[in-house]
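Right, one structure below, let's go through it.
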Amino acid sequence: MKIDDADVPEPLDVPGGAPAPANGAAAAAVAEAGGDLAVGRPASLWHDAWHDLRRRWVFWWAAAVLALVAVMAAVPGLFTGIGKNENCDPNLTRLPPGGGHPFGTDLSGCDYFAHVVHGARPTLLIGVAVTLFAALIAVVFGMLAGYYGGLLDTLVARITDVFFGLPFVLGATVILVAFPGHGVGAMTLVLVLLGWTTMIRIMRAQVISVRGADYVQAARLLGASDARIMFRHILPNAIAPVIVVATLNVGNVISGEATLDFLGVGLQYPEVSWGLQLNQAQSYFVDHPHLLLFPAVFLSATVLSFLMLGDAVRDALDPKLR
Amino acid sequence: MWRYVLRRLLQAVPVFIGTTLLIYAMVFALPGDPIQALAGDKPIPESVAKTLRDRYNLDDPLLIQYGKYMLGLLQGDLGENYTGQKVSEMLAGRWPVTIQLAVTAWIFELLVGIVLGVWAGLRRGRLADTLVLGGTTLMIAVPVFVLGYTAQIVLGVQWQIFPTAGTDDGWPLSYLLPGMVLGSLGLSYVARLTRTSLAENLRADYVRTARAKGLSKARVVGRHTLRNSLIPVVTYLGVDFGALMGGAIVTEGIFNLPGIGQQVFQSIQLKEGPVVVGAVTVLVLIFLLVNLIVDLLYGVLDPRIRYE
Amino acid sequence: MTILRGARRSAAALTALALAASVGVTACGGGGGGSGDGTFTVGHSEPDHLVPGNTTSSYSFDVLSGLFENLMGLSKDGKPVPLAAESVKSDDQKVWTVKIRAGQKFHNGEPVTAASFADAWSNAAYGPNAYEANDYFSHIKGYDELNPEDEKAKPKTDKLSGLKVVDDTTLEVTLNEPFNQFPQLLTYPAFAPMPKAAYKDLKAYEDAPIGNGPYRISGKWERNKQIKLVPFSGYTGTRKPKNKGVVWKSYASADTIYTDLRAGRVDVQQTIPAAKVPEAKRLLGDRFLPRKMGTIDYLGFPMWDKRFASADLRRAFSMAIDRNGINKAVYNGDYIVADSLLPAIIAGHRPNTCGQACTYNPAEAKRLFDKAGGFKGTLELYFSNAQPTYAQWMTIVANSLKQNLGIADIQFRTVPAADYFGMLSRREEKGPYRQNWEADYPSAQNYLQNMWGSEGNKMGWETAKENKEFDALIAKGNAARDEQEAIKFYNQAEDLAIREMPQIPLWTWAGQGGRSDKVDNVTITPYAGGLLVHEVTVK
C-alpha cells in the first residue's frame, strides 16, 4: 500500500536513468552505473566526488541547514532557556506569535519556539539511526547474498520481497498500536524493520555485478580469503549507490516518522517532535495557523536538505551526468 | 515468454504466503482484545467475551487460525468482522472511492509529470530545469499532510475553487484536490525521471546520427528520443498505480474520502484482524500482479530486453 | 487525526464504535435534507446491532428508541414515566409487578404481551447467545443459571426464573436483591420486547426489526448507508410522531456530518466535534444546540500499588490539576469542571461536594504531596487512543504534575481502545488512568455502584474496609422505600468515595448539537435515547 507519500525509501531517480521499480531492472541499472564508475580508478573516486561537491552551492546550503538543525538537536539550550514541557500554562492556550512567545504557544500553553527547538532531537536522531541500521543490514546481507548466491541469495531475495510488499504505514501502525509505550527506541526499531528493503536490493545487485570483475578474480587467484575479497575489494566498489540512497533515505525516514506521529501512533509524551506538533495542529489550523506553520517549515527544510544533499552526492559520485 | 510468466507466478506464491502470514501474525499475535473493542468504553462480561472468541477462532494457535483463514480465502471468502459483517462487503463499498482517487492522482502525475520533465529535460541547466528540479524536490520534502491541509485551506476554504471534503460532488470534482495532493509525490518522481532519461537520450549516438541526417530537432525529440526516454517513466507509472490502489491513509483522512486506506487504519485501531488481513491480502495480490505486468511491459517497450 | 476524530461523539461509552463504523458515505446524498416529504435526516455512526439486547452502542439506541417502546421511558428531566407499562410497582423493592397497557401491537400486528418482554429478556440474558447487554439482566433472579461460572458448560435452562408471566398484561419480576432503581433500569434500551416472529431467524430479524415503537423500519437496514423509519399507524402510545419519518444516515467521521449539516444535507447532528464548535457557534446561531450531559471523566489510581496508597497523595494529584485551564484549552471552556462524583443532571448531585480537594491549588497540593512522602520512580499515565482529546488533556495533566509536584519522570501509555478496558480489568496499569462513566439510566446508583462498588470496576479498592462500608450504604439506598431516602444513603456513599478518592473527578462533558433550518423542535436529551425524534417538526 501507498503510504501516501512519506514513502519508504525510494531513490529520487536512480543513477543510470532507470526507475526504482519492481524487480531487478532498476537495481541492475544502478549496479551498472556503479560498476562503470568504479572500474579503472577506484582510489580517486571519493577524492573526485569531494572535489566536485565542494563546488556546489546546493551542497553547502543543505549542509548549513543540517548543521543548524544538528546544533538544535545537540544543544537546545543555545536557543532557548525553557526545557521540554516546562513553563506551560493551559490558560495561555494557542496564543498567536508575539510578546514573550516568538512562535506563540501551543494547545497546552507551552512556549512554541522552545518546543519546536526541542523537536529537532528525536526527529534527527531517528532519521539518522534508522538509516544507519538499515544500511548496515542492507550492506551485510546484501553482500553475503550477492557474493555467495545460491540458497542464501534466494532466501534473502524472497524475504526482501515479503517485506517489500508490506504496506509501510499499515505495518508500522499494526506494531505500534499494540505497544503502549513508544519512545525513540521503539520507533527506530519499527522503521528499521520496514525500511531496509530498497537498500539491500541495490547492494545485492551491485555485489553481483562487481564480483565478476577482473580485480576480484585476480585477488581470488592470489589466494585472498572470501572475507578479505568482500571487505577490501567488493565493498569499496559496490557501496557508492547505497550511500546515495542512504542519504536520500534519511529524509524519507524523517517524513515517515512524522507521518506516524501525525497519525497518532508514533512518539508520545514526554517526547516532543515536529510530527507530534503537526498532529495537534490539525484540528486547529483554520483558527490558529501558527500551530501548523512552524513545525511544518522546520520539518520540510530538514527533509529538503537531506534530499538535496543526497542529490548532490549522487551527482558527485555519478560521472555520467556531469 | 510464457515460461517467464509461469516462473514469476511461482515465485510470487511464497511471497504472497509470506506477506499474508506476516501481516496475519502481526495483527493476531500482538496484545489487544478485539472483542473488548466491540464494547467500546465499557467492560464486557467474561462469559460473553469467551463465547465470541470461540465463534471467531481467536483462541486457536496462530498457524491454525491462519490455515483456516487461507482455506476460506481459496474459496473466495474473506471472512467477517466481529459484528458479523462480511469483509468482502465492507471493502466492496470502499473500492470505488479508492479507485477513483487513484485514477485521478495517476492521470495528474502522468500528464503534469511528463510535461514538466520534458520541459526541463530539453532545457537542461537553464532556468526551467532549475525550477522543475527545485519545485519537485520541495514537493517531495513537504509532508503530504502539510500539503493536504494547506491545499484544503487555501484552495478549498478560502478561494473555494474545489470542494473541501467528502465525495458528494462525485467524480471528478470531489477527487480533484485530493488527487492532486496524492499525486504530487509521484509527479515529482515522474518529472525527474523524464528529465534525466530524456537528457541522457539526447546525448545518445542515434540522436546525433538523426540530427546529422538533417532531421529537425522537433522530429528527433518527438519521434525517437521521447519514446525511448519514456520507458523508465512508464515502468514507474505502472508500479505507482499499484501503490495508489492501496489507498492513501493520510489523504483519505484529510479529505474525508471513505476508501480502503481509512477502512484499514480504523480496523487496525480496533484490532479487526479479518478486515486488516482481508484488505492487505487483496493489496498484496494487486501489488504482485502489477509488478509482473510492468516487468512484461518493460520487455515490450524495450526491445533489448527479452524474457526467456 | 481526521479519521480518529470520527470518534468524537456523544457517547463516551462507545467511542470505539465510532471507529468501527465503516461507512460508505458515498454519493447517496438523496433522501437527506428534508426533501419536502416531511421526513428529515440525522447523521450518526453506523449502529453495530439492532436486536435490542445485543447492543450497548448509542448509535443503535438512536434507531431502537424509534422502533421499540420499553415499559418505562424518561421524561425530559430524567424521571421514569410509563410507556408500554401501565404501572411498575413493588412493596419490597424485590418483587416487582408490571402491568402492561392493553391493546398494543407490534409492527406486524402481533399483540404486545407480558411474554413479549419475558422472552426477549431471557434471550438477551442467555449466556451462550453472547449478547452485548447481557450484564444488564444480572439483577433479575435466575441470571446466574443462564451464565454459569464454567464458560464451557451449557446452561440447564434458557429462561430467567425471576420472570413470571401471570397473564397477558401482567409480568412479575423477582430480583436477586432489593433494587428500587428498577423502573429506571427498565428505560435501558436492552429491555425492549420482541415479537415471536423474531426468534425464527434473528439474523433476518436484525435486517428489518419488528418493534412496538412509534416508527417502523421502511425497507431494510442499508448497512453503512442508512436506516429509514416511518410512522407506525398502529401506535397507541404517548410518543406520536409529529413528522413523516426520519433517516438515520451513517458516517465515518463527525467532521463529515458537520460539513453536511452546513451544506444542508443533514438536518440534525447530535454532537459537533469539539474543534469545530467555535465555528459552529458563529455559523449556526440559534440552530446551535448546546445541552447538558451526564458523561463524566475521572482519573483513577491503581489502589493496589503502594505508591498510591496515601489518600493525601491522591488529593495532591487532584489539587495539582488545573481543571479550568484544561477545559479552556481542550474543550473551549464548554465542559463543566467536576465538583462532585456525580454530574449536575443526576438527582442527588450536590454542588461543591468535593470542595477544596477538587480546586486547583498548587501550593497546598505540593504540601500534601510532600506530607505523603512524595512519589518515586516513573509515573505512567494510561489512556486509550479512542479520541485525540485524551492525549491533549493528559499532556496538560502531566505538565501540571511535573511543574506543581516536581515529578520529573512522567511517561504516557497510549493503549488501543480495543484493549483499554481489558487492560484495566487485568490490572495491568501501573499508574493513574483515564476512566469515565456515561449513565445507562439517570440515577446516582448507576454511577456509584458501577464505579466504586466492590462488584463494579475492580480498581483495587474493593478489598479496603472503606469499600465494604460503601457497598453497605449503596445496598441501603437500593432497598430504601422512597427516592429521598435512597439519595441520602447514596450521598453518604459518595462522601466516603470522595474522602478516600480512589478516582479523581475531572469534568462533565457538554453536548453540542446543531440543526438545519428545515427542522424545528429539536430536543436532544442527555439520556440513552438521545434525540426525541417524534417531536421534531419538518418545514
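For reference, chains read A, B and C in written order, and residue numbers begin at 1 within each chain.
Please note the rule applied: contacts are C-beta pairs under 8 Å (C-beta built on N, C-alpha and C of every residue); 3 or more make two chains touch, one makes a residue touch a chain.
Quick caveat, the model's predicted, so the values are computed rather than measured.
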{"item": "Comparison of A-C and A-B (more C-beta pairs in contact)", "value": "A-B"}
{"item": "Chain at maximum distance from chain A, centres defined as averaged CA atoms", "value": "C"}
{"item": "Length of the line joining the C-alpha centres of chain B and chain C, rounded to whole Å", "value": "40"}
{"item": "CA centroid of chain A to CA centroid of chain B, Å", "value": "21"}
{"item": "Distance between the centres, which are taken as Cα means, of chain C and chain A, whole angstrom", "value": "47"}
{"item": "Residues of chain C whose C-beta touches two or more other chains", "value": "1-2, 4, 385, 416"}
{"item": "Chain A: positions in contact with at least two other chains", "value": "177-178, 262-263, 282, 286"}
{"item": "Touching two or more other chains - residues of chain B", "value": "31-32, 249, 265, 269"}
{"item": "Residues of chain C defined as touching chain B within the complex", "value": "1-4, 6, 11-17, 19-20, 22-27, 29, 48-49, 56-57, 127-132, 134-135, 147-148, 151, 203, 223-224, 252-253, 255-256, 259-260, 263, 265, 384-386, 416-422, 424-425, 436, 438, 457"}
{"item": "Complex interface listing, chain B residues touching chain C", "value": "31-34, 36-48, 50-52, 55, 83-85, 89-90, 93-94, 96-97, 164-168, 170, 249, 252-254, 256, 258, 262-263, 265-267, 269-272, 275"}
{"item": "Parts of chain A lying in touch with chain B, wherever the complex brings them together", "value": "1-7, 10, 12-13, 17-23, 25, 158-159, 161-163, 165-167, 169-171, 173-175, 177-179, 251, 255, 258-259, 262-263, 278, 282, 285-286, 289, 292, 296, 299-301, 303-304, 307-308, 311, 320-321"}
{"item": "Chain B - residues contacting chain A, complex", "value": "11, 14-15, 18-19, 22-23, 26-27, 30-32, 137-138, 140-146, 149-150, 153, 157, 182, 184-185, 189, 192-193, 196-197, 199-200, 232-233, 235-236, 238-240, 243-244, 246-251, 261, 264-265, 268-269, 276, 280, 283-284, 287-288, 291, 294-295, 298, 305"}
{"item": "Interface residues, chain A side, partner chain C - complex", "value": "85-91, 93-94, 107-110, 177-178, 180-182, 262-265, 268-270, 279-280, 282-284, 286-287"}
